[in-house]
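Chain naming follows the written order as A, B, C, D, E and F, and within any one chain the residues start at number 1.
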Amino acid sequence: MSDRLFMNEMSWTTYQKRIEGGALILLPVGATEQHGPHLPMGTDVMLATAVAVDVAKQLDAIVAPAVAFGYKSQPKMGGGNHYCGTTSLDADTLTHVLRDVIKEFARHGARRLVLINGHYENMMFTIEGIDLAMRELSYMGIRDFEVLRLEYWDFTRTETIEKIFPEGFPGFALEHAAVMETSLMLYHHPELVDMAALPTDKPADFPAYDVYPTRTGWVPCSGVLSPATGCAAEKGKLLAADYAIGVTDAIRKEFPNVKAKTQVMA
Amino acid sequence: MSDRLFMNEMSWTTYQKRIEGGALILLPVGATEQHGPHLPMGTDVMLATAVAVDVAKQLDAIVAPAVAFGYKSQPKMGGGNHYCGTTSLDADTLTHVLRDVIKEFARHGARRLVLINGHYENMMFTIEGIDLAMRELSYMGIRDFEVLRLEYWDFTRTETIEKIFPEGFPGFALEHAAVMETSLMLYHHPELVDMAALPTDKPADFPAYDVYPTRTGWVPCSGVLSPATGCAAEKGKLLAADYAIGVTDAIRKEFPNVKAKTQVMA
Amino acid sequence: MSDRLFMNEMSWTTYQKRIEGGALILLPVGATEQHGPHLPMGTDVMLATAVAVDVAKQLDAIVAPAVAFGYKSQPKMGGGNHYCGTTSLDADTLTHVLRDVIKEFARHGARRLVLINGHYENMMFTIEGIDLAMRELSYMGIRDFEVLRLEYWDFTRTETIEKIFPEGFPGFALEHAAVMETSLMLYHHPELVDMAALPTDKPADFPAYDVYPTRTGWVPCSGVLSPATGCAAEKGKLLAADYAIGVTDAIRKEFPNVKAKTQVMA
Amino acid sequence: MSDRLFMNEMSWTTYQKRIEGGALILLPVGATEQHGPHLPMGTDVMLATAVAVDVAKQLDAIVAPAVAFGYKSQPKMGGGNHYCGTTSLDADTLTHVLRDVIKEFARHGARRLVLINGHYENMMFTIEGIDLAMRELSYMGIRDFEVLRLEYWDFTRTETIEKIFPEGFPGFALEHAAVMETSLMLYHHPELVDMAALPTDKPADFPAYDVYPTRTGWVPCSGVLSPATGCAAEKGKLLAADYAIGVTDAIRKEFPNVKAKTQVMA
Amino acid sequence: MSDRLFMNEMSWTTYQKRIEGGALILLPVGATEQHGPHLPMGTDVMLATAVAVDVAKQLDAIVAPAVAFGYKSQPKMGGGNHYCGTTSLDADTLTHVLRDVIKEFARHGARRLVLINGHYENMMFTIEGIDLAMRELSYMGIRDFEVLRLEYWDFTRTETIEKIFPEGFPGFALEHAAVMETSLMLYHHPELVDMAALPTDKPADFPAYDVYPTRTGWVPCSGVLSPATGCAAEKGKLLAADYAIGVTDAIRKEFPNVKAKTQVMA
Amino acid sequence: MSDRLFMNEMSWTTYQKRIEGGALILLPVGATEQHGPHLPMGTDVMLATAVAVDVAKQLDAIVAPAVAFGYKSQPKMGGGNHYCGTTSLDADTLTHVLRDVIKEFARHGARRLVLINGHYENMMFTIEGIDLAMRELSYMGIRDFEVLRLEYWDFTRTETIEKIFPEGFPGFALEHAAVMETSLMLYHHPELVDMAALPTDKPADFPAYDVYPTRTGWVPCSGVLSPATGCAAEKGKLLAADYAIGVTDAIRKEFPNVKAKTQVMA
């Protein structure tokens, strides 16, 4: 039982021993959001969790229960919150969930947390959640708690981009439910990808501004911001390796005394 | 892909079709809480989810992403919130999570929701979450949305109790991480139960009141409120059947036009 | 003036002397809620206050102003919040009232508080109110403030139950505005009980779950969950004695250095 | 039972009949605040309630449970919140209590409310509480609910001032626990006034500004802002008559269809 | 650049040097509110800022960015919030803005702040904002931060009143957009006063109470509570001198170690 | 007076006429944030306002009072919130300010708003503020209110970038207080730029993640993320023209019936 990854699958006594031994906690934060007709709505939380699992294996870290609901989908980022199925939280709800659980991890004795975000819209609210938690922790006299916060896709290496997009990278902006996410899902959860449903809409062409209420006509009906054509499990594997290695290296650099396994990722 | 149970594993297009077809949503609400040295901390969310899955199979319903963090553990209910590992939300954080997702389900077009609670301390906050959501829905002119709310253990039949506790039922009050929950976990997730770690503390003997800060000495060190001695997967199966059948019947009675599969549970 | 019980009837100089002398504060928390056609809507706050008064006399304690509005009435607990007259607070309103006044008592120099709840629906929100107050007090460096929290009916002795219900106790669940509350009111406030209006509805028969919006048809029209037939002032006296003695004993046990009068309750 | 004044002493059926008959609700709002060594801490809530009772008798109105905790005492208004015994709410706690109960009165079917404030510091927060309630009521389509809001001392007639202060009125600013409040308490609650403890501090002499944290030295130690010398029950009676008549007349003018008793106040 | 007054026009390095040198911060708080047809809607914020500028010149103080939106206009104070153009904040929004910026000034190292309020309705919310900030600062161990809070008109000297109102002062209550504010604007911002639009409504005649929703008929259509007839830049100059001198003197008295320029105001 | 741009300089009667005539409101949102030793802390709010003014001149629009405090500065975006002088709001404070004023503009009768953001960290909170306002407006039955939301730098044309960075554009990420902002300030507010203080730090080199508490060593001491070398008023003029024209065109496209002046920008 000592080699479990998921906090929720451990007993409290096991967890306590791991924390006392200096184990790091990884917190995946995702969303329940439309990802086109070919990907499941849990894509963001599944991919953030997948990165957490890969990193946890390297560092003997603990994967906390993922935050499965995220901030409201935005048209240019995830198609918009008008889609059926997209299930989002108000800003301060999400912020308070993060604030509360971070404070609990600190109470447990943890002093290092890595928050792995898989839904772009969450970014600023994870920052506020961390800030509110750190502020209250300081009121309790806890000032040595540290959080490394990241969006996993920022660890994509240029070499990988070139391999995945041999004809040129259109940029991260329209990658919602497109080549990168679909490839990652084909690698991590192929049974949840419906390749037959891959949409063929043209890429979205957004202006430099937003309009509210959402101009739903700006978004391809499928909810996919650019075609996933060219997606492949093999590409997903390359990306997954970038994230596993990149995030692990970042943690080792910033939290040098974190427990590290001797074996290297296959 | 049409026979998936979990909302997060469906594409939005599949989900939309199911909702348009009148599918019911089941929302499991649990906790991340110590359950003694023999059960995993995710026990409450796993059991609420297990009930949801069994019911969903009967009714062709959709299981929404479970709420994995619950309200602060209380000494007499779950051992208290001072345990390492127990990871809880403030009351209004939990309430707002429920409020927000319920409003989203209504926006999707759903009109029937079943909230399945697996953590006693959550009860009143699920009620407030539902009330706040219903109030805002009424502001939007939505007045036909209905929620059936339950604690799953309230569906335990007397006959089952008698079979599980042949020497007399000590009552639900001390059943935290005890015979019933351990039996259910042995049935649903045997690989997560560590029978070798079953504690042998005597049952807790609580007074008629609470004291805060928690008198931690009142709670057996293990976190288990009464011995799980006598737990068995077979007993868990009996309980699971009560919940699957009882909850399904309740839904059929209250939401008679809900889609029902013809096959009966094996 | 030194023998007053009610904080609000004392001058601040008297109160300060009492607090400096170690006097305990008792905070009654009730509701404004329908209690059938025969009992006044203030029943919960009057009974919580009555217990506080009886205990205060034993322990030379101070009775703080009662919280007269409580959490939303629930069908199975108090008939439901749809009744005309029932006047309830949102969860966080009630929680914040309790948080704020508890912090004030601590600022005054008090270090022991007994919160006496007379409305079942309030329970979890009194817990959250206490927790939020304790948390903020700890930020101020106050860590020796203690709260004993109770529902008064949990101090009913088995012997008393047997005397009051010679034909068998139907259980606390349906006791809203029924034999126990009516008897207590006949003992404490007979002029407010209208025996001619005693309803004769059959007991409510609730299922194992809730439905929202409230299925108002589940609740007897009168708002009384089971018949008050057999109520009597003499029975109320027995109950009152249980509460006065039981709560006093609990306080003496948990807060042993609390000031105790020498005379015993008549 | 039909001639009761206090909502909390009525059954819901009685209350409902009264509301259906167009009865007006009066809501006293006070504080728990030091009022010198001679007056009880509940002075503000007792006086607001006394006005409500006198008016209710004229108009066959209903007196709702008083709000017993108010906003934080300010040095120039009530001596400051640093006094032992003063027990105050945060602004939004008080505001939300008022918002919630006002919405409940509207749900009951009431359409006219009079909020009688007895604690100066509450004024702006009663305004915000009313505004938030009215806003939410409008979301529900209720737009005919009206609130008359007042501080009772604004109904003091010039003739009365001249009688009470034959040597000239020093103004309302320093009247905290001074001649007017003490006279009113001598009239309404003489048993709660300790004339032997009447302080003889000189009047406070405040500058044109505030400093926070409170410069406690600005406030006379007793907490009384100007001497109560010259207070008398007879003067309290004059004031009480002004308030009873003035408030009643205001209500009759603004809410002309309110039920009015035929008898005149003695 | 060292002689700039406005924080927002300074670089952070300049500001830091000033703060390290003990410079005082002045925070103007105003509103965006109708001020009749002849005055701009920014009158309150402009006048609070003008006072701040005059004082800052005397004391080498720093003028922070003004809070341009205030609490909801009240009929008797500023005409009511139903006017087109009046743009107000909810109570807790305003309170939180003040709480947040005060905490930031303390983080910068400032220990003395003067909050200059120019909108009567803001008063109690500035008090709550200050209180919430002080409370949190105390959690951080900062207990030497002081705030001097004022409404600028309270510094009007009797001699000035007599000069401005040779025929008798009607009192501050109806001075909204009337002689004093118009004179001050003629002095400070003559280009923003439209003397041709000076309304000639009679003074408002308010009762001793409020009614909500606002009885808009109580307020002169122009939004001006009493005629500005007799306003003059020269009168504004007298008032401005009172405020500049009075506020400066108050600060010197309460915060004696504040940096003072040698030159005297012309 | 009819040709004023700033709402706060208009009387309410003028404003009302403009709104009734269909005038558009522009709301600048900025920050009070360090911008290196050479730029004032109000840079973000000044530049957002400058864009608003240029656009307002084209469209006969109204410039609302700018929001002068923004969300907490982030290391990679604005240097971090640890700098002396940076004065930020909590997320929900900023969000609620925007929610409240947007609702007020709608109450005034406006149906079109352009929110011009000048501080990157504000982006998601402006989105939430708009969403909360729209939601409440819908409760009031107002569903035709539209907001165009933008960060002004997204209107920089490629041709302009090439002219400003003849040796290649390092990207927007490090442009805090660098060439673009300094050039714009040299154009709009040259008297507030201290060219002698232009820092010569090397560009910041941030990793792909954040660490909290902020690793202050990551940020150049000056607070400038990349050298402003090469800044020039002439470049600022080019940028300003892009924004004036680009934003005006966007508004004309999305809000085609907005009032348009005939004259073209010089």
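The criterion applied here is as follows: contacts are C-beta pairs under 8 Å (C-beta built on N, C-alpha and C of every residue); 3 or more make two chains touch, one makes a residue touch a chain.
This structure is a prediction, so every number in the text was calculated from the model and none was measured.
Chains that count as touching both chain C and chain F, per the definition above, are A, B, D, E. Put simply, the chain farthest from chain F by mean CA position is C. Work out the mean CA point of chain A and of chain C, and you get 48 Å between them.
Per-chain CA centroids place chain B at a distance of 55 Å from chain E.
For chain D, the set of residues that touch two or more other chains comprises 90, 92, 139.
Chain pairs that touch one another, listed by label: A-B, A-C, A-E, A-F, B-C, B-D, B-F, C-D, C-E, D-E, D-F, E-F. Those residues of chain E that touch chain D in the shared complex are 71-72, 74, 90-92, 95, 121, 123-125, 127-128, 130-132, 134, 143, 146-150, 154-155, 207-213, 246-247, 250, 254. Interface of chain E with chain A (complex): residues 136, 139-140. If you check the complex, the residues on chain C that touch chain A are 138-139.
By the touch rule above, chain C contacts chain D in their complex via residues 1, 6-16, 19, 32, 34-42, 45-46, 64-66, 68-69, 83-90, 92-93, 96-97, 99-101, 104-105, 108-109, 192, 194, 197, 223.
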